[in-house]
Each structure stands twice: as C-alpha cells, then as structure tokens.
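In the two assemblies presented below, chain A is common to both, partnered first by chain B and then by chain C.
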Partner chain A sequence: MTAISPETADAAAILDRVEASLKNDLVPVEIFNDEAVFRAEIEQIFTKCWVFVAHESEIPKAGDFVQRRIGLDPVIVTRDGKGGINVLSNYCRHRGTQVCQTDAGNSRFFKCPYHGWTYSNNGDLVGTPHMHDAYGERLDPKAWGLIRAPRVATRQGFVFASLDPDGPSLDEYLGGAGWMLDLIVGLAPGGMRVAGPPERYRLHADWKTAAENFTGDGYHVDTLHWSTEEVAVSQGLQMTCEIARIYEFENGHAFAGHAWTKAVHPGYVLWGYAPEITQHFNLSGLDEAQLHVVNHEPPTVGTIFPNLSFIRLNTPSVPGGPMSVITSFRQWQPIGPGEIELWNWQFVWDFMSEDEARDSYVNGQFTFGSAGIFEQDDTVAWEGAPRAAQSPWMRKAGMEFHFQQGNNSQVDQSHDPSWTGPGRKRNTGYGEHAQLHFYRHWLNVMRGNTGAGTEGAE
Partner chain B sequence: MTTTDTPRIVPPVSANPELQALATQFLALEARLLDEGREEEWYGLLDDELLYTVPIRQAAEPRSKEIDRNAFRVRDTKAHVRTRLDRLNTDHAYSEVPPSRTLRIVGSVEVEEIDRPDVIKVSSALLVYRQRGIDPHFDLIPCRRYDQLRLTPSGPRLLSREIVLTETALATPNLGVFL
Partner chain C sequence: MSDNLSVSLDGTRCKSYGICVSVMPDVFDTPPGSPTAVLLRDTVDADEREDLEEAARVCPAQAIALNSGPRP
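The block that comes next holds the complex of A and B.
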C-alpha cells in the first residue's frame, strides 16, 4: 500500500460507493465524469502503473524522438547517441517551459526557447547561455537534466515507462498480458512496426469506457456495428459472443479472442492470415497454450491496464475483395473528465512488402481509423456515459451501470479447467467478466494498491 | 508607368476565367449536394479512378515535414466511397444517424493547368461546420484540399483529392462526413 493522496481523499466517498456497487456487479455513473475522480486517476494510476509511451520502430535512429503523454504530462521519448531509450519530462528545469514543441523529429539537443538552457537527447543539461557571467560554473548536467521517468522498459519493442520507482518490473506487471503480447506481435523475426505516426482524434468519452470496451465487449458488436454486416464487410457478427474466449490476467489486463477455426473452418488458423504472411512466421518459441491460442482462439481485442488496447481482425481490402489482417494498437489518452484523445497506430509486419504493408494499413484505417466504418460508431456511442455522469438527476437517482449480464444466463461462464496458460479463460463472451475485472482492478489501484499480482486472476 | 526591379511574382494559377468559373462552380455544387444530403448525386461527380486521401499531419520542423504522405487517416478508392455510402444508406451507421447537419464553406479557389489537357489542378480552402445528432455543441473541421478534376464532355469529375487537415488532433470525434 502507498500513501493516499489528497486527490484520492476527495474521491474517497465515491470509491466507497464503487466498492459497494461492484459487489453487485454494478458501476456508479459518477466515475465517468468527475473532477476529483479524474485527478485521483492521474495521481494514482498514471503516476504508478506502467504506461505505454512509444514503439521502438517510431524512433529507430539515433536522435529520433516523439512527444508523448503519461497521463496529463508531456514526455519526450528519445533514442540517444548510444542507442538508449529515454523518457524525459518535457519541462525545462529553469522555469518549466516545454523544451520540445513538436510531435516528432530528430535532434541531438533540445534547446529551451525561454532562456536557452540546452539538453542533450539523453536528458543531460549541456548548455546554459552566458555560463560564466550567469552561473560562474557549469551546472551539474545530471542533477539539472530533464527529469527522467524513473523506470523505462520494453517488451516486443513496446516502450513503457513507470513514474513509480518501486513496484513490479514491467514483465511482472504485464504478466499474462506480456505472454499475450508475445504471441500477437512476436510471431515473426523482426516482429511488427508502426505503419505510420499515430492518428489522433478527440472524443467526448471517458478513457475507462474505451479500455473496458476493448477488454471484451462483444455484446455491442451486432448492434452498433451491424451496418458493416449489411454492406458485407463483416460476416457472422451475431456469433461474436458465442465464439468469444475471454482471457483475464493479473493487474486488470484482459483480452477477448474468437474461436475462428470453429466458426469459419478448421484450416482458418492464425487469425486467417494468408499463407504469404504465415510463411514468415516462426512459432517455435511459443509454449503449448500459446500455440493453441494463436491457431484456434486468437486474441481479437485486448486492454493492457490502464490505457493501451489493441484490435486484430481479418477484413476485406476493398469490399468484396481480398482479405487482409489488420492490427491496431490504440491508447486512450486522458485529457480531462469525460474527454480523451484517441491515439491510433496501425501495425504491420516488418517483413511485409510495401504493397502488403500498404494494404494492411489502408484496411486498418478503413475499419479502425477516425473515418473507420467500425470506429466512428464507437466514438459516439461512448459519449453517453460522461453526459449521464454529469447529470444532477442521475447522480441524485444513484444511477449505476448494469454489469450483471451473466448472473442468470444459461450459458456456461465458468473458467475453462483445461486452460494451461496464465490467468484464467472462459469460453464465452456472455457475462461482463472482463469488464468487471478491469473495474475491480481500477478500484484497487485508486485505493493505492499497485503491487503485482495483488488481485491476480484468482 | 514606371518599371521597377521588383521581381514579378508569377502565381502558377490559370489565367483562364472559364476554367476558374468551372472549378469554382464544381466545388460549390459538391458542397451543396453534401450539405443537402444528396450523396448519391455527389457520387456521380466522382471519377472511376478516384483517389481520396487524408494524410497524417503532425507538429514537426521544418514545416515541410509536417505532412507524412505515406501515412493517412483515409486512403479511399471509389469502391471505398461506395461502401461508405452503402453503409450510410443502411440507416444503421449510428455516428451519422441522424446525419450531421453540415455547412461547407469553400474559398480561395485556385486553378492550375498542367500538361494534361483534360485535367486541371484545383486548390481550395474548406471549413466544415458539423452539428452531429443531438450534440449540444458543433464541431469545425478546417482543411485545405488539393484536387485534380478531369474535364469530361459531361462536366468535371473529381479524379483525386488530398485533404490536408489544419489540426494535428481532430476536434471532431470522427470523419463520418466527406471533406
């Protein structure tokens, strides 16, 4: 347990209500648009959990950098001259001016526009104008360097940072989600790379709604996305929950897969990737459970707590045309209560030819970009929660969102006893177990409990 | 009359007032058809070889690096546009049910003749006012468009359009409307 911050104290009464509600598989409305809850989230979650900041393929060369966010804080993710990755706070140590004013670039130095303090791309302070007259001696480059994220680590090229010097390592934190990430992007030597810079769009939505949706909300698919079936871009959306497989891991991570070999045909292994692609795969590093998962019940969507999600699906390149598998990672960047910026990256295999990469990129954006024929409907469906959360009437009425779907269902939602992978697995998408898993972990972290495996897949 | 040494700035725009009027009328018609919900008629103005792209823009230096033409929010052929329209016609494309009320303001139209006699380049500024569904607010989508129009016996057809958004992060939640 860590100390409770003042922000969390303000939100304490709400958290008590969340705890009581969650016992009944309900979630109080106010957490989706509340200043105190939002501040507490930034304080308790985004300064303590491992947060995704960039993919290594975005900064391949010495000097490359991208500007990203950890919660509300701007950070510069740099590749220094020695090949090291640095996650640096974008506030000048002199008066706080942002030393990096661009989203991406290549530079050895960041020169503050206010008084000219200059930092190397590893964060060291390397220059102060009029040094002799102004300071008499050189300021210590490390002591007065840009403040660094205390911990930075990568998995499969995904760079994460933690602002908490203590707590679990990245691999411990990811647990089963790391195991899943390995089989999503690590199937071929060289792995995957970004197809382009992130696409950004602002939604009137709460980050938790998006994260929750990607843990495994298959229930919305044949309503909200039904239009895609009507125009024959999708097929069989009504089976989404029936063939879903839910994987829950420690620390609030959860993924949903689909039993494609059962639903489509027995040869439809590996998400239905074409042989031109799968011939590059090398599955020899996978354990037995991973092999079963990639072949028969591969993850389709997932959320790595708190705010990194992914989606992979096989979709036509032009309607009625050949299929290609798209992979998008997306980050729900908190902006303020009930506001997020959606950051969406399409990923392609490093071995892909230019044409293959282009097709996959185009398809990814056509389905899951800001103009995506799936995505655009999600972006507005999620607007209701923050509006309800702001309603004095709904608050007075004690509105709670319903997560009791599975409670009286005839569908078997028990854990699969034959599952040998990490965490636990269920063989249906009915019941809102993955979402509840997310919110239960959210509550735990909001209460100051960030240890690894503290409420693992019990 | 005096002569000066000031170099004459020669804009690459066409001096042909007929082409200027043709392009301006075309863009105005398009905008009105889309504002009036007459997408199928607008579709009739698209060339079969249409390429409609929205590249990704980021804050970068120098300015020439802001737009990555290998990265895009949208890269549609005519078949993609057809699918989008078919989807809208299902009445279940929820982000556009009911359709956004829009007003497209087109301005700064410049026409440039190129070495193909049947194709002209047209640059324009576009500001789209969008009020979606029951939103209590409206969104603005500012952009500049770089088009190629094919001049056919039945009138101009949109051959290619590159939409350069002014914003790096869109302030509207999706591009459910055509730009």
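The block that comes next holds the complex of A and C.
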C-alpha cells in the first residue's frame, strides 16, 4: 500500500475541488501557487508526458549539446558521433554533481568536476580517474552511464523526450497538434531552424497561465495589448475573437487561428507572408484541410501540452513600418509554485540568408522577447494569479476563476460540422473553450489518467 | 625512420583513467602503485597511427600527444 503523505493528501483534496469547479466552468485559484500541486505536477505531468527539449537545428553537428530541463531535472541533449540524439540526465552517477555546467557547446565528453568520472556524449561512462587503484577494473560503461530519458523522438526537427517508458508514441501523443506543427514549420524544404539560443527570463507566473493564454485567449488582446494599436503596430484588434478559429486536439493541445483572408482581403493567404518568402514554399504535401488552414485560417498561437507554445504573426518591426511574419516557439519552464522561466526561441526558415534571419529575429524580439511590446504586457498580467493563489483571504473565500464566457453568449460556438481535419474546430474565439480543454486535460493527467482521448464533455 | 610516430604522456595532466590502456594495451599501462599511466614504449609504427590518434582523442585528461617524424 502506498503511503499518502500530507502533501499528497493536500493535492488530492485540491484536485477534488478542481473537478467540482470545472463542471461549472470554474477553476479554483489555489492551483496557481501551491507547493503540493506543484510537486504533483512535476511527478504526474513532467515525468509522464512528452516534453520538448530542443530543436535539431540547435545540435546539427557531432558533439553538439545543449543543456535543458524536463520539469525540474537538468538534462543534456547531445548529438553523438553516430548522429544519434541522446537526452541524458545531468547528474553524475557517483555523487550527483552536474557533469555539464554550460548551456551549450561541442564536446565528446562530460567530465564531472567533483571526482572526474567522465561520460561520452552518448551517455556511457568512459573513464574513472585512477581506475586500477580506485576500482581495480573498468566500471561497466552502460550500467554506470548517465541515466537516459527512456524515450526520445522528433517531429519536424522538434526533439521531445518522455520519462515514461510506456504510453503513446510521440506521434500518437501529438495527434492533431503534430498535423498542425507540420503545416506551421514544414511548408518549405528544410523547414525552420532556430535563429539563435533561447532567451530566458524569470516570471512570477504559473506555467499553466502562460500555456492557457497560448491555447487561444483572444479575449485579452484588445485590452491588454491596446497600446500596440495606439502606436500603429496593430490594426483592428477589436476583431480578434470574432475572426478567431479554435482548433482543439487530443491530449490537451489547442491552437487558435485567424480568418485573415476574410478580415483583411482575399489575397491575404499564408499568414500574409511576402512573395519572396512564399516562393520557397511547397504545399504539395498538405492535405485538403491543411491547405484550407494555411491559406485562410492559419494558426496564430498554440500550446502543445504541457508547456510548449507557439506564436506566428505578421507585424511591423517599428510602429507604422513594413510588415513581416515572425515565428516564436516558447517553453514555460516550471521553477517552483507560481514561478517560471520563459524560454523564447525565434524561428526562421532554413532557406533564409543570415541577413534575413537576423531581421526576422530582431522583429520577433521586438514583439515577443523579454522587452517585446506584447510580451511585456502579458508577463505583468500573468503575475496576478500566483498572488491571489497565495492569499489566505482568497483561499478562505474559495476564489474561483471565471471560465463561463460561453454559457450565455449568443455567438455560435458549436463545432464546425464541415471540418475535415483532426480534432474539432470552432469558428469563434469567444467561449474560452480552448482554455477549458487545457484544464480538463490537466486534471485528467494529474489524476493519473494519461490515456489518449479528446476529453472535455461540453 | 620518418614513418615512426613518437608518443608523449604528460604526467602532470594524467589522472590514470586507463582509457588509453584499453585502446593500446601494448603502449600504455596503469601499473599498481603508479599515480599516472606509463608508456611501455615511446614510438609506434605508422600502421598504429589510427589507434594512437584514438587514444589521444579519448583521453579525458588530454595528456597524450603524438609527434610525427623521427625523435630528436
């Protein structure tokens, strides 16, 4: 019988309340800053789901590595001499010291700074100082190698790892989100690459708040980001929800697109990319639904559960300036209850010249970087939830966040019956359905149910 | 003979990992009581170049160097 610690019991009681609240489209405040919930998230979510760790363009050559995280655990993502990708725990098998102390580099070995145990970049233990005197014989390289993520897989160059040896394959796990990822980054031969290392900044925010926002919270845009309209970076923000299209997929993934050809003009296909970009695109691999999506209702934001999100928008690089399309992938790294590090990668097309890539990078940072005019708005707003969650008053008052937007709205929020793609699609951004979809899946995973399925009965 | 290679082992760097011994047991040894590896010989034949380069490459302490040409 498994002992139930007070902390586990606390989390279980909170999950009971979440379940009851979600039936009424409400979310209890305490999940946004609670030690027991946070511990349970790390144990239930980040050790079981497929978690993004790197893009292959970050480690193109043999010996390349980056240091990353899966939940709270540091991992080294390496390209070994045979071209294989390894996701290795960054804890020495001897005393647990981090054997890799840098963010990125190229090395055949990782030598522990404590006693010098040395590992190959495929994880094998290759040497121990004073081998004969200390150990008498060579220690088994595999048995004493760095502990490996049990499963590693890629989609469109995105490297994911799962700490669960069982469960769905990456492609099964991604489901419709993989179909969406294909049409976002797979439009040109060679796809996309990172424009540089991720920018990282710490926020007093909960990872779920950020992930929820990127599932399709169009409702905040013409309030929180209104200053961008005032300085002529944005236009027509009041239409954000009206022209939004919500795509919900299995396993809590969700994207939100916008009907640009309807809102702007019929020729405004493919996110509004300029012809010098689209001339490189090859759409022949897309199915009929994907073709419709990329041309008319392409995804603007999205979240792959648990903590990888995406944004692509056409924006000027200076107020009133010429437009260009930026693509950022971002990861909400849990640090502790109510605290994250935001890791932000700008992505560029592989065919772009260095000058074009730099311009795209700068433009991306201008909007969605630590000092980006949109990002600054979001990161301040997100800091409220953890404060409320830690307030004894709010807990005593049983505060719940309101997700009932769709309940009495006259806007048609039903599933689009003509949709032939995966998952389901709604033709409005009103209703907070994508966010509820995210939290219902969160609850399922926290309950230990990681089976595939499109949960969230309406 | 210019075909021969000379090998040197930096005793101040060596931590006696013993990896070189597994690559070239007839060139390197980690004898009991010695704090560092030792050379059993300091020249190798040209056809052993690949193994010697491997031994130098995989040394975590970077203590092994190889030099072409005749020894001075």
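Of note:
By our rule, the second predicted complex is superposed on the first by the 443 of 458 C-alpha atoms of A that agree within 3 Å, B and C clash if a C-alpha of one lies under 4 Å from a C-alpha of the other, contacts with A are read in each partner's own complex, and residues count from 1 in each chain.
Please note the rule applied: contacts are C-beta pairs under 8 Å (C-beta built on N, C-alpha and C of every residue); 3 or more make two chains touch, one makes a residue touch a chain.
Keep in mind that this is a model prediction, so the values were computed, not measured.
On the shared subunit chain A, the superposed partners chain B and chain C are arranged side by side without overlap. In the superposition on chain A, A:230 makes contact with chain B only, while chain C stays out of contact range. One of chain B and chain C touches more residues of chain A, and that partner is B. For the combined model, the angle formed at the CA centre of chain A by lines to the CA centres of chain B and chain C equals 80 degrees after rounding to the nearest 10. By the document's definition of touching, of the two partners only chain B reaches A:203; chain C does not. When the shared chain is aligned, chain C comes close enough to touch A:133, but chain B does not. When the two complexes are overlaid on their common chain A, residue A:98 makes contact with neither chain B nor chain C. In the overlay built on the shared chain, the residue A:391 is in contact with neither chain B nor chain C. For the overlaid pair of complexes, the smallest distance between C-alpha atoms of chain B and those of chain C rounds to 16 Å.
Residue ranges on chain C touching chain A, taken from their complex, read 15-19, 22, 30-33, 35, 57-58, 60.
Taken in their complex, chain A has these residues touching chain C: 108-109, 111, 116, 118, 126-133, 138. The touching residues of chain B, when paired with chain A in their complex, are 54, 56, 58-61, 65, 68, 70-77, 79-80, 82-84, 86-87, 90, 92-96, 132-133, 168-176. Taken in their complex, chain A has these residues touching chain B: 101-105, 195-197, 199-205, 224, 226-228, 230-231, 233, 318-319, 321, 341, 361-362, 365-366, 369-373, 375-377, 379-381, 383.
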